[in-house]
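Encoded as structure tokens, the structure appears first; notes follow it.
Every chain is named by a letter (A, B, C and D) in the order it is written, and numbering of its residues begins at 1.
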């Protein structure tokens, strides 16, 4: 593991400042550009739901569980533990969240959801950190166990509760939602005008302030929160050092085991919170199979986001947005996305032409033309393709954006105390 | 599973035909789905009570294949259960094979008529007819002229619901618009189990101006009902009378009506026919005529809307009189 | 030293600091007692900044923010370490990393400083700078334990010498009176081997010819950099061409280009008259290129596989390892046993994993493997790095032997004595270019070191060295 | 040398034995803790497995799992995590069923065509992930998760009656039409009408091929080398990108075969209730069997046994989730005990190295800690 760091510096003379950093103005510019583009598509296609408040709040609600699972993955992997057990921890979160939620109120449910997930994390930590077993095996085992245990326990708990069954819990009291009264109405009217860009911004902002569950607010705050803890505190530094070079951390007196344990349990807790969110906020009920692979999608969002909180949130947001588009407007919205894609490809065409990569330019031009044709010749697309939209989008974004993924160096590697050189 | 079924089944597995026993093999989801499977179970339960017979149940496991279904049915038949009922069309190929091996056992098959035999009773429903009535009610109750349909999983069975509903709406108000959506595609059947998807979809339709939403989405429908009711619009339930469903009591006032599908009775009837020595065989169709499907009217608000109920009654009469034929595919 | 630093526990014996007996169960406790250690293998996390690496574990001292940065600057300035706190460690050269390691220790206010082989990767000028640093530290009252294979250095810097062999102290020496010869005898129990090769075996048959080799690399951000340019050289049969250079000046890239692991942007590589510029790695190996990689763990071995599978690695298509696409484990095993025997690889058997061998024995296995296929041309990158003296001699012998039989060797090493002693021709690589050449018979390590910093160019003559070095700032200008 | 091997065998047996015992003990503890008889459910399961028809079910299921797990294991062997076996398998089954139903050829040819189409389809689908990884560096974990969902949507569209599917009259199912009998794979009939799918034997035979290719061919060596150390493999002459592509394609092709036992031996059509999730179980089994053909064989049998035997639990009045719990516990118990045994083995090996060196050349004496 701690093989020679000596040869790692293979790159020869390197100009400083070669790394272009995304600064705030740049990010804002990109967001503005994206919004303008979507707005354009909305105006052309007439798919007004594209940026409506409902669309945005729907997207947010779908994104939160995925984002929380992703953040969970981030915590674990930053400490060097691959967590494919997120799905299971999320299941534990839905179950415990609902179990406590229907009996003692939603907030207790949230708390127990976190605890349930963290228990899954603890198990994962024991297997991977103490026993040093392959992280994927352990994650798979946690997933299987979580499914088995929750289904088994439902027979003794929900089955006997009024309004519940062996497959679902009784209803859980909802959390009171936050709406900023004057503001959301004003934004709603503004959005209703369908003006270029302005209505879109109003819609987006409206979506962010209307019928907001307090848990959504917490989840969103956890993104910068995670960043702050991991990158701005000594606790976070130690935790990350365990994922980058545990032997070095050990040599400086860091108790690597401890940090790995904490990280994996926090990871489980976050996934559990995501599960609790599903049960308490999204649906108000526990339902067998409710997570439906969101833990894996969360993991994908984290990789998409390059093991960074902002990126993870972006990945989850993208997924939530396309998913919500698909659910709310179905064929019409996704049809409008064809136009968006075509326009993006035209932009890509210009870029490649400028860069003089003619083959790529050609491919972009042809695909753009095909998409334009498809868009123009149809009014809708088959519901089966609509279904695939979120996944295709994710795949396309990944394939087209430059990949410079950088996972923590010691991620997934076994570590034993006192074995470094 | 748990403790409950143990008392009845543990014994039936040992001693076979000393006393009569009927069995059902569930569809994916199994007992406790508060929908299809539970309705079948209710039929069995009623038979246990009224006919003093024993009941056996068996659930499928996830990712199983035809062979497992064959094995399950064989086992149930071998233990002397009669009838053996397969809940859901997925059992069709398996029943075809097993029925041939047990000529003296009656096999019930719900939702499918593609396999037929002397000892197979195909219990099918005219879901499209019930849905047609829902369409009539929706078109009448709608002020915006836009109504929504949400299907759980896009399979032919649910498309029947959509077809009937759409036809009912259009026949009542040709200018009305039906927004329809499905939550997932097969073989991803989680569309029946994810209320949050139902909710998001309903919200999308509401945003587009729909003011009546019919959700044929199993449990996911509860999400749609929640969203619709919260927005103060009308929801239409499915399968059982959802107005009376405990989990939805909070939204019951906005549940206009529900399209019922009497799986319970069909199961009970089959068991009874076997018990009476005159086992049903061939296609047993439950339509509006036999009240096998229908529209619930437990919501007082619905009953007060006399123009709606009148239109529904008329449509029902027309269908029974075959003046209207309802399409089974959109 | 691991025991002293709390990473391992002793079975018996005592440690006393300032006369007080102590026991450590973790590095943390050792640090608390004022012990700091610079490990042989750097203990740095690449993806963290210098600042983060330094403050890690010692956050309580000055926090992790501005105060810590100030403190680091302070120490850096005080000892002339020239450390940039916000650079990513992965962007640093070896010497810089070395300084970060020292800074880490100083930051914690260590009173006892352990340096394990700190000079292994430094050029002479950097070594001098390090020694200046050490003397300064000493002047401030710190205790320094300096562990090294390089006896000259030990004599130069130490006030007191202890020789350890096989885990026991075999003797002490006074640097003022002891000679390297005496020390060497203490160390290995016999005379120190030297890499000297005097009789020349160079022929005039060109084996490897490289013309105008050019390689660019694109950063993830799209910035294109030139990592190799205008590389021209010829190695003849029986010739060892040594390439000196500070690490990170293109050596790795040169090797990769020769091995076919990266595709050059221009230039021609000819092996034994055949153009192999675009030949894939495997074909090149089959064509007679042998490869002793600079990092045996990354490029030379499958650590978790048994020795005999490691013997197959890199030569899977060749005899005796396979016949017509099918492996021949029996023959491979037998041949592994031969290598173990002939190259004196110390192992209980060929079924043990490569990881369970010590570095020297791993290296001998690699040398044996590469030599077994009668290469025409051998790339030997740091062939004796981190290898004990006994194994070192054996490896040198193996290379000399093959050279006598007409092997062409490209030798890349940070050990200048090895380079000068083993090479027939010397070239210096600097910022991706071969900037200087020298005659190993006359050149000294210091002169070579000057050229490696880019201060001297062209043909290095032992006599005009001062003028060549005169115009440049020789020590600071190393790669980054 | 011989003594060394004997130790190895002992250690190899110690792992699984320790694991199974502790897994069953843990299950019993769980049962007891939930107030259920801890022994009886296990007895019921073992009872179940004593029936011939259940045994046949187990065997058939094990064959399916075996193929799926092999597909996963090929990826694992070179550090590729193919989560997409499930999608590859379903798409392959569907397309090959369509082709099988639409042609009619003499027996063996017909079967061969179906199998070939399945392999090509599976390889095509995994190849997308392979290309994305090799060319664009997209993590195969992400892309295969996405491709699973896309496969679902694609199948749903293709199987519509207006495209490639058929809706049999009176049925609510969608199928791909029936494959004529010439396209069925002969089964081994035992007892009264019990059929072991012929393809099950093909599956196990493929295990031998897998072993041979991996351990006896240059390609297999390259693949394993890449898995053990990508950098070392590259230096040894392996073209990493080509290797990613090749192994992804092979993995997908084998995944494509996973649907064959069912398609050729049982359903003869692809329909809406064609099993889902086989690929995920395959991951569990590959991990449990440590990617070795024999290990996977036993793991597949074990998981199939628990699957089928626990299906009988609910008729006996127990929750059949006990089976799932047991599977989870077994996975944990097996890997933990493997690890413990491995550590013990390494310690022994290190000691041996140490002793040898101390005795022979006195380079190193003994020491308790083990260096990795």
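The criterion applied here is as follows: a residue touches a chain if its C-beta (ideal position, glycine included) is under 8 Å from a C-beta of that chain, and two chains touch if they have at least 3 such contacts.
Model, not experiment: these values are computed from the prediction.
*Asks:* With centres defined as the mean of C-alpha atoms, identify the chain lying farthest from subunit A.
*Replies:* Max centre-to-centre separation from subunit A belongs to C.
*Asks:* Averaging only over C-alpha atoms, locate the centres of subunit A and subunit B and give their separation in whole Å.
*Replies:* Spacing between the chain centres: roughly 36 Å.
*Asks:* Can you check how far apart subunit C and subunit D are, centre to centre, with Cα atoms defining each centre and the answer in Å?
*Replies:* About 44 Å, centre to centre.
*Asks:* Express in whole angstrom the distance between the two chain centres, defined as the mean CA positions of subunit A and subunit D.
*Replies:* Centre separation, subunit A to subunit D: 29 Å.
*Asks:* Among the residues of subunit C, which ones contact at least 2 other chains?
*Replies:* If we look for residues of subunit C contacting two or more partner chains, we find 8, 298.
*Asks:* Can you list the subunit B residues in contact with two or more other chains?
*Replies:* 1-3, 154, 185
*Asks:* Which residue numbers or ranges of subunit A touch two or more of the other chains?
*Replies:* Within subunit A, residues 155-156, 384, 387, 404, 418, 421 contact more than one other chain.
*Asks:* Strictly by the criterion at the top, what is the full list of touching chain pairs?
*Replies:* A-B, A-C, A-D, B-D, C-D
*Asks:* Help me check something: in the complex, which residues belonging to subunit D touch subunit C?
*Replies:* Counting only subunit D, the residues touching subunit C are 1, 4, 215-222, 224-225, 228-229, 231-239, 346, 349-350, 352-353, 355-357, 360-365, 368-369, 372.
*Asks:* Sort out for me which residues of subunit A touch subunit C in the complex.
*Replies:* 2-16, 18-20, 232-234, 237-238, 240-241, 244-245, 247-255, 402, 404, 406, 408-409, 418, 420-421
*Asks:* What does subunit D use to touch subunit B in their complex?
*Replies:* 53-54, 57, 60-61, 64, 90, 149, 152-153, 155-157, 167-174, 193, 262, 266-267, 271-278, 281, 307-308, 310-321, 323
*Asks:* Which residues of subunit B touch subunit D once you look at their complex with the stated criterion?
*Replies:* Subunit B residues touching subunit D: 1-3, 5-7, 9-10, 13, 56-59, 61-68, 71-72, 74-75, 89-90, 92-93, 101, 111-114, 122, 154-157, 160, 185-188, 283.
*Asks:* In their complex, what parts of subunit D are in touch with subunit A?
*Replies:* Touch list, subunit D to subunit A: 34, 81, 83, 132, 136-139, 141-143, 145-147, 149-150, 152-154, 156-157, 160, 283-284, 287-288, 319, 321-329, 331-332, 335-336, 338-340, 369-372.
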